[in-house]
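For reference, chains read A, B, C, D, E and F in written order, and residue numbers begin at 1 within each chain.
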């Protein structure tokens, strides 16, 4: 099984979620993160002092899937999260050795 | 070494933490995440308009442990986080190649 | 490629970020997490009742880098995040099989 | 000069002043967190901009010697001649009346900001506020309260249902249509980011409204007492009516509903406050809450994006209030008023309708001209990236919260 | 009619009105964030529900012609006969008195909501509020202020220590015991989610309390001045006493302690405000802050879950205030009052104790009957899943913040 | 006694009281979230500490029988002799004047807290507040308002520009320099954590300032009306001036700028409020907003860490106001005042400068002595770890938000 982590732009979340639902993905976990990369941050002004803020709000999606699904999921996210502008984000793929569903104790592919 | 990621219901956090402490686990990191899965979300109403919110607040625990401890930790979490209702959450297990403790520079099992 | 996860003290973020920038690291993702470990939490008092809070605010940095960079990055973070007091944090290293840049579809090292 | 009346009017004026920050919070809580500051500022800065206009020429155009029933003369430019001495026929210093009226002028353009929230350029908003105050508010204020054509034909508007609520509601409708829907409307959730803030705003508005309505008696007397009590009753009834309506129709009583209903009730009673009995205020408030609830539902159907429901609450509530005054007004309550339809005088209802109609038509047309002009000249709306990023950062380089 | 008194009472009434939103914030900040809206609404909606009751029959039952010392008659139903003219023997319009008293009736049931916060059904809460106001508040209000049996035997209650604070405290005790502890009590941390909101609420309450206490003079006179100053002094002393007590006993001065102490001081001075000197107010306030601090500590030991400490602050503080009036009242301060124990008249203390006792007993019994009845009929408490999810979503389909 | 004046002053006093919670919010929103409670508490607790001082000996030292032009006598200890009867030569109860003045004494040390925010020990802060109020505020208050040496030589300070703003600004400068910069200053971003809270605070301050300024007329009369209007005008102009200045110089109009500018305008008009015309208030406000904006910019250059800009806003704004009174005061506006430079009387400007200068010198020196002494005795500043953790946890064992 593999874990796919996707860093995307927050306003693309609904599009990505809908696209994933269409290909039958029904489990994922998201968190609010801050990203640092090529995309420029912004300047804030407070009482005449300027602060540069490098970190940009992003959403991180985590999905554990069977290896066979990885390519499709990655492709789906890539398409749905795409705007073509800098900062569209990254997708990372890692191996997961075991998955357990707390409610049933099921393991492996059954638990996803 | 392995990293265990557990997605649990927020109100089970204290129970899980206490159970882990009892088996001698003294290090972990948690974050607030939102989960999407079988468990139904909820409806919000604002000035007559209804919004369906699919994502449900969850807590993600991350623990890095020695391989020998993994099974016990997984079992402990499974028990403590259990309610038997949909949405109890998932546990994922991954391999970690190296662990470093910043304060001492220790590596590997010593650093956990 | 490898993913480096570093749990650090929040007020060390700027120092770590600057140190990483100096060695040419230009991409990372951070999130606010809560840590539990050797470092003592604190006590809160509300209307005469005391609550012990074990979890301590931390920042989690995630960086995906080429294997060749891992050691340098780990060392850089270790130095910059160091205070010598309990709770300086941990660094975990994991393998990443694939990286995709959403904007271009580039894969592997090019996408980092 | 009567020190009791003066004391009352000074404090009432301060209470109307704090309604504008109250409105800022009421609105600010309803937008997404990335737009909270811009929304707050759009109300707050009216306290600055309109105050300056008022001193320079605003009070004069509204209350200077009448010119053809349409506008005031220039006698009071820079508040020359508006001093500490008692007004003719009144019991309070002229400056107190001037300050009291100023606060009404401040909040009216602030009310409109709910329509174009989360997407207007700050520069365009500022110019709009200046132009609209000058070209729409001041004339209508003169018509109704400054010896203009409406004031003289017997219509009743105790505390500004027409001048303030119907007027801002009409302008809001034009604004919402011209500026277009927010990005993501109907797709993403655009729900409130901070409802406790909205409730706090509603509480402050409710409090200030006693200054607004009871203060419109211009004296600490029995009429003020009546206006005070009807205000409280209509606010409570509006809150309950909206809450119950949504409980019935949508299965849940909401806090935003209770707050919105209170405002709807307050809007509805505004023109009637000093002319009707507390018992009538129950009906005015209940109907106000209910009507506005449905008006907001209808908006969701019609599909224009009046973001914070200025039309549904101030427009519809104000119109209902103007007509309700024509129904429930009673000489027994206020000998200086008139009897309404339910007290045997159908004519009042007609006059009320005509006044409201004239206000709506004038406000619609002039607001359209101003907004269209500004759109062509400098553009009303921020560009799409700025809207996604939020107005706080893109217009003001600030963020609301770092918690 | 006296325009100065009328001005004062109109504004004082508005100030008491804003205490209820202030209380909403004070309480709202103390619950967990998933219950903030439900807590705010429970106070806010009292402004609607009790207002309607008041107009329909409430004012009449409280202040209508006395029937056997127990309740008022039906003469003022729908506020018939309550108009703009001056009250007999007074200097302000009858409607102003009626509105002022209304605001007291509004806040009293709102105070009780702190006891059952975070777990009551909204429907049960609404019915409770209606029944309790009718069956408990109105009679006791009549006894004390409406020519009922307490009013005639010489007890002193300047601004409602008995009617409002002791009464709500007693009801809160019953409510906390009947509805049971919150899930997680003693295990999870149930600490406040937004203390700045609580402090804001305390600030608004303090401000409004000047209307409450000084306004209870019903005139802008020297008694009002005395009540104003003693109110400020007791609030400050209460805040400092609580802060110092917890600094001493727990090693830390807290902001919630300062805010709670201020409220404790305000509660304690309420019955005494117009009868005691500022110097006495220092002692009343200091003791009030300290006593309530210990009362809250004791609760933690006794183990009933009075979530926001209505018993510890309003019950205990109110009782202390009633007795303190019997100690510190002085004819030198207010010739219309009486001398207390420290001024040579032990009898007053006894009367105060009897009045407080009667109120407690009646309130305990009636509150029990009402709450028990509702529990059997429709259930007081939300089910366990709803409580875990939070009342905001389960009862109102809304969430407080999306920051 | 005049009931209208009394009504006005009672409410005005309550309005000044709520300025302190307003200031708490204004400041509280500007610090980092880990210090929000400590910042709120530092203002809030002044309502307790200064009130007690005032009753015990403060009012007496400030307003007791003059001793050598320097301090008041002990005649009013424990407010003996300060009662419900009318003051000599006045129209309101003595206690009302005493309460009104108390609220000024409360807010002055609260203003200073902005300078040492986010790093002072609570114990050191408490002692500072007690000593500073006693040794700095009370004497200066006596000099200006209590028949002291300044009061008698013809200077004008309508509502406390010298006593309150210049005074607190000077103390703040000393405090900022002595306590040193916040950890991370110039490296980390120390920006505001909750600007809506700051705006709410500004709104409450603006509202309360009507009590502050108009109330300083001590009567509901034409002077109060003038002060009311000039207050509104200067606040609006200050807000707009600051907003425009930063728009011009930094490319962005900010909400913090608008709020800060409003406060700057209010500070500037304070000494002038009842002596100048609304037209003059425009200039005073505009210049006030602009000057304070630049003063804050200069601070960033000079590099001392006056965290919330007490010097830049209250010090500079207050000084400008004192001098502006010497420029714009006019006998035509207030026959009880004087003509300023622009009305042909250069001498007034000189007197104003001397009074301001004396206040600055005295306040600088005494504040230095008090703060240095405390630093040596118990230390002003929390240790470095506590500062990193935040004062809320380290000083008060509480956290602001759990959202």
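Everything that follows uses one rule, which is that contacts are C-beta pairs under 8 Å (C-beta built on N, C-alpha and C of every residue); 3 or more make two chains touch, one makes a residue touch a chain.
Model, not experiment: these values are computed from the prediction.
Judged by contacting C-beta pairs, the busier of the interfaces C-E and D-F is D-F. Homomeric contact chain E/chain F is classed as different-residue, with under half of its interface positions used by both copies.
Same interface as C-F, judged by over half of the contact pairs sharing residue numbers, among the pairs B-E, C-E or B-D: B-E. Chain D and chain E have CA centres that are 33 Å apart. If you average the Cα atoms of chain A and of chain B, the two centres end up 18 Å apart.
The centroid of the Cα atoms in chain C and the matching centroid in chain D are 51 Å apart.
Residues of chain F in contact with two or more other chains: 2-5, 7-8, 11, 191-192, 194, 200, 252, 254, 256, 396-401, 403. Touching two or more other chains at once are residues 31, 44-46, 50, 94-95 of chain A.
Contacts between chains, counted with the stated touch criterion, involve the pairs A-B, A-C, A-D, A-F, B-C, B-D, B-E, C-E, C-F, D-E, D-F, E-F.
Residues 189, 191-192, 246, 250, 252, 254, 256-257, 260, 293, 296-297, 300, 309 of chain F are the ones touching chain A in the complex. Across the interface of their complex, chain D is touched by residues 1-8, 10-11, 13-14, 17-18, 20-22, 24-25, 28, 36-38, 40-41, 44-45, 47-52, 55, 78-79, 82-85, 92-96, 98-99, 102, 122, 194, 197, 200, 395-403 of chain E.
Interface residues of chain E facing chain B in the complex, by the touch rule stated above, are 184, 187-188, 388-389, 393, 396-399. Partner chain B is touched in their complex by these residues of chain C: 2, 6-8, 31-38, 54-55, 58, 60, 74, 77-78, 81-95. On the chain D side of its complex with chain E, the touching residues are 2-5, 7-8, 11-12, 15, 32-33, 191-196, 199-200, 202-204, 206-207, 210-211, 214, 219-226, 228-229, 232-233, 235-237, 239-240, 243, 252-256, 258-259, 262, 277-279, 282, 333, 401, 403.
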